[in-house]
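Paired with chain B in one complex and with chain C in the other, chain A is shared by the two complexes that follow.
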Partner chain A sequence: MNGEWTPNDSASRGPLLLLLAFGILWLVVSAGLGIIASFQLHEPEFLSEYAILTYGRVSALCETAFVYGWLANAGLALALWVLGRLSGEPLRAQNWAVAGTLLWNASVAAALVGVASGDATGFEFLGLPSYVQLVMFFSYGAIAVAGLLAWSGRIRRVSFASHWYAVAALFVFPWILSVVHVMLFAAPARGVLQAIVAGWFARSAWALWLAPLSLCAAYYVVPKATGRVLPAYGYAAPGFWCLILVGGLAGGRHLVGGPVPAWIPSVAAVSCVLLLFNAFVVALNLRCAFSSKAVELRFISVGIGAYVLSAVADSLTTFRAVAERTQFTHADEAQGQVALYGAASMILFGGIYHALPLITGKAWYSARLVVAHLVLAVSGIILLVGSLCLSAFVQSRGLLDPHVQFSEIFQHARPWLLMATLARAVLLLGSTVFLANFVLTACGISEAYRPASLGPPSTLEAPGP
Partner chain B sequence: MNGDPQRDPVPDQAVAADERLLEAHERALRGRGDRGDRHRPLAIGASLIALALFSGVYLERYTGHFSPLIFDENAKPLKGELVFKIDPVVLGQRYYGAECVACHRSQGEGSPGIYPPLAGSEWVNGPPGRVIRIVVYGLRGKVRVEGNDFSASTMPVYGRILNSGHNWSDRKIAAVLTYIRQEWGNKADPISEDDVAAVRKAVGNRDAMSEDELELVK
Partner chain C sequence: MKSDLGFFLGLFAALGVSYAGIVLASNAQLGSLAPFYDDNNDSTYPKMSLGVSVRGQLVYRDLGCAACHTQQVRRPSFGSDQARGWGDRQSVARDYIYQPYPQLGLHRIGPDLTNVGDRKPNALDADAFYRLLYAGSWGMPSYRFLFKARRIGLEAQPSDDALNLTGALEPEAGWEVVPTQRARDLVGYLVNLRTTYDYPEAFPVTAAKPEGAAPGAPAPKKVHRPAPPGAGGPAAADASGPMPAGAGAPTPAPTGAGGAR
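Our next item is the complex of A and B:
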């Protein structure tokens, strides 16, 4: 059912495999850096004599590699693949996509070198030194050309939910990056406005860029793998517009109590609450994934669950009464992990597990490694988010009590931070397993070779209609 | 969650092929092909309306009507001109602490033989015209306060007049005078900005006052 292979898949194999390879490589790099950063939270002296490996730089490196390395590459690969398949033709402008991919990843590497040598900008989600931002703008545009041509040149003029999310993501990133480049670096806004612009960028990068990239994959893979029309599909369009119109307005949610006009955090709160509608529609549309036994849908259903959880957590912590307790604790980090790892990455994992056999024409090298990755990724993310939440609880109680010393708070949070490091190690193991399976599959060393057109391999069993 | 074929729509044809996927969902959008769909559109529409209502109420209540000057989410923008009411005693205390305290001391006791006291002084508690003149124009020569003679020092010129060392505004002088006339047991009437301005206008620019000139002022 899901394994229907078309000649177009192999025709567009090159750029897609290149994007995926870079993405998964950065995922492993980021997981390794994540362990160092997490370790330094409970052993502050660890590697502190090397400037390159101090906490501030390592955590910025980890975030940059994850967002601009892993999520961007993998998300773009799946978006191009979905747009190409829905267009009914081989991907066009492939040389643009390849050139863009090479340039994009060269600039990610340059950004990492820049951050390591102390050029990080200090803004959340935007550790990128200003000198790579223009290159990233143009290389993203080059990759997007292939996707936009596939969209505008589609044979059937109808559009599907995946189209909307993919095209939105292709247009949004150059927009937000150019705005933030002008307003923070080329002609920097002064004072408080900087924090507002940086908050808007961080929020938009998630709500308008990374979330749509992963929802594009989810909206395509779920009906393909279950063989069912999405239930309540009529609400998909209002759900999409809800995300696009109000998603970026929540930029001020971290400015509660800050020196900004009161309406900025209040609008952020309203935006987060309205986004519950989007999460609700996504869960309603894609709920067939929850009852499926296909392994890619296991990943995606975890991702959808995390997406809803992240929307609920965002709308709770955006209110002032709650924000007073969660601000400046690890709750923020936990929320970020729920969104970026729990939601976006899990959906992209599922999408890649679905897409790669079709792109390569071969089954995954090892079905066991797929299951191993599922177990490691799910347990790792639950452990990570759980321990960060417990640490946040300890911190929040201590920080609000003027009689508690700061060092005491650290001592109490330490066991949970140790657990977070353990979780990071589990995630690194999972990512390495994923990389190994990907490399073995892509290099064609697969012993279990069978053309995907003959039917799905055993791990990708789809339920009959 | 699904599984029950009665509740979830099953397409006529599988959506395995991409054209079928597009077709089936296009049909679903147009309200056909969603056989067995039991979702209540009203419930979903109502949830959206509820969220929109909440947003409207929240924005009305907690945004300060989008004023760029409101930083407290519970505040509302003020209508009309903003009027600040300042307690002259508090203001005067601040200026006294910055300047006068150096000679007249923190309790207004002065220094015996050098700087006259303010606490209980007949000059401070006397006619407003006298103290206003002392501060605006300064005082030179001998002065008798509470039965003691002081002649070792000079009261500097504070008023906004020609060759003034301090150039204090009338409001500042009125605040300081009000403060010293109501502090340390003094119980004289407050002095307003207009009182100071009137004296300054009547007398004009001149050099420091002497005790004899001041005693003519009633």
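Our next item is the complex of A and C:
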């Protein structure tokens, strides 16, 4: 069980390939929607005659497709794969996983149709109309059953960091979704409490669901692919509990100076600083990824770097002096892209590049396309975050000066927003390359490529000591 | 992580911390926030939302207006909100208690809309909103799908609500542009966005000037401004005139929230 293919991998091929296929498809859809939304920022009249494509709706569609389409499907696929491998047995309850996957993706599609046709909720990270939330709750539960059975039925009773992150992610999402469904839709909270609850959900969805999903893959793939024991592994458990304990407390970080009690953004600031410990531990544990030449570890090392960067940026921007400049600007969008694309997606890309040859029993169709995807994704995300930061800088200067009109801010930020659209186009190209390579591999046409990590078998039994 | 049960319980407890810390604690503090009762004019604030405001807020929400516009004014020392004339005071939680879907917003690609129906001296009226929505402006798209073109002639009288369009936007002879019901709701909501009443908590303790202040005359710690007499109704608010500056004599206006209970 060291990087080599095992019979258990092909036994769970069906549900995993289904999850991955939906995930990558949604990635391309969301990249396309992202270009429309980005284009509308510098050409406001673009597609303005269509009610279904207002900027507010398209940006919600893009986010929903990305978070609930791409990140959720791909993260769940890798989590199930990791849990299945660590259990030492074929994945159980595969029918549940398949049924859950079909239902989940049907509800993502229904959510997109709902938002476009006027059921948008207006909450960040929660563009799901209330009627799909129950379906998503149950379909996520059905997928999670397979993972939880693999966890509870594992042959060896020890557990590893990948276990903790995967199981936490499986439990957390239904829990926070049900809370937010009750408090925002079934029995809506009063006034600004809605903003506080929505902020708590958005933060928890990142820190307790999406980040653990990708860290579970990173903690499994890095030791497998490098063949080395994780350094300073003893800190992994405190790092994990730090994330779970204080991750959701940063829910009020957008509300600095807002009409809420001042302790809410203050708690967020403290929690974001405490989370630096988790980012530090992750970087410490997985640092051997940086020195490796394997292509999947290139993706993962970029992801780990972005994860640390996003933790630093989060803690800086919750301080009032910084928030005064960055609040309400594109800096928030830039931070979101660092976390969701730079950290989570890059780690998931690396995980998929490592896992798919084992799941299918075939090497990737084209090694060149893998490298092309790496170059496009890394350059795209750097360009996107860079241009958003520059436009945020222009915006921030304009917003702070009461004599500067919004039309002036718009004109000054426009060149940078144009660059952001270019970056989105690069990312769309990268995603399309990824989709093409995935489809060709899944159809099994070529044996041309074999990840470097599949080369020398190592003696490592499992991640960690 | 010796036992699975221990791990699960730990996970649940850790999640409970953030849930109790953020969601339950803020609910306990704000969940039963009452309207403010003002003895001076025997009325409570904020006023209940009008029907058109509630419908318009749904339009505002489903079009995603909050992707570009916030509805929260921060305090004077924080950003340029008040210097831009967006409001005379910071927004407080009590402003939102009657709004079914408060739209605080996260981005300011366009201006804040907190008090957009009552800004002095240049508050927009309904006609200006219709024109803005129909024509768009720098950085803001037009929303033509909220309007429809109508033929006028012998069969159809010209509508009172027809947009007064000039220049390139002027419709052909025999045609006029009228707002749909959704546009009426949205504009009805926008012109009624007013935070005219000054709650005591909207003027938090201001720090005394460290130097230059005369020793015998300490700076007032809490500044209450007298509420405009008819701040509630839309028609009355327009007539209330400019408010006195914040440094005016502290009046024995509302003290504490006791009167609200």
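Throughout what follows, the second predicted complex is superposed on the first by the 444 of 465 C-alpha atoms of A that agree within 3 Å, B and C clash if a C-alpha of one lies under 4 Å from a C-alpha of the other, contacts with A are read in each partner's own complex, and residues count from 1 in each chain.
The criterion applied here is as follows: a contact is a pair of C-beta atoms (placed from the backbone, for glycine too) under 8 Å apart; a residue touches a chain by one contact, two chains touch by 3 or more.
Remember, predicted model here, so these are calculated numbers, not experimental data.
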If touched residues of chain A are counted for chain B and for chain C, the larger one: C
Touched partner set for A:200, first chain B, second chain C, both or neither: second
Contacts of A:88 with chain B and chain C, given as first, second, both or neither: first
Which superposed partner A:172 touches (first chain B, second chain C, both, neither): second
Which of chain B and chain C A:327 touches, first, second, both or neither: second
Chain B versus chain C as contact partner of A:119, first or second or both or neither: second
Which superposed partner A:261 touches (first chain B, second chain C, both, neither): both
Which of chain B and chain C A:153 touches, first, second, both or neither: neither
Contact residues of chain A, present in both the chain B and the chain C interface: 237, 259-261, 267, 320
Residues of chain B touching chain A in the complex: 1-3, 8-11, 14-19, 21-26, 28-29, 31, 33-34, 37, 39, 41, 44, 47-48, 51-52, 54-55, 58-59, 62-64, 66-73, 75
Residues of chain C that touch chain A when the two form their complex: 1, 4, 7-8, 10-12, 14-15, 17-19, 21-23, 26-27, 29-31, 33, 61-68, 70, 72, 74-75, 78-80, 83-84, 90-111, 136-145
Contacting residues of chain A [partner chain C, same complex]: 40-41, 44-46, 48-51, 54-57, 59-60, 118-122, 124, 151-152, 159, 163-164, 167-168, 171-172, 175, 179, 183, 188-197, 199-200, 204, 208, 237, 241, 244-249, 251-252, 254-255, 257-261, 264, 267, 320, 324, 327-330, 332-333, 395, 399-402, 406-407, 409-411
Footprint of chain B on chain A - complex, ascending: 1-2, 4, 6, 85-86, 88, 156, 158, 160-161, 223-224, 227-235, 237-238, 259-263, 265-267, 269-270, 273-274, 276-277, 280-281, 284, 287-288, 290-291, 320, 465
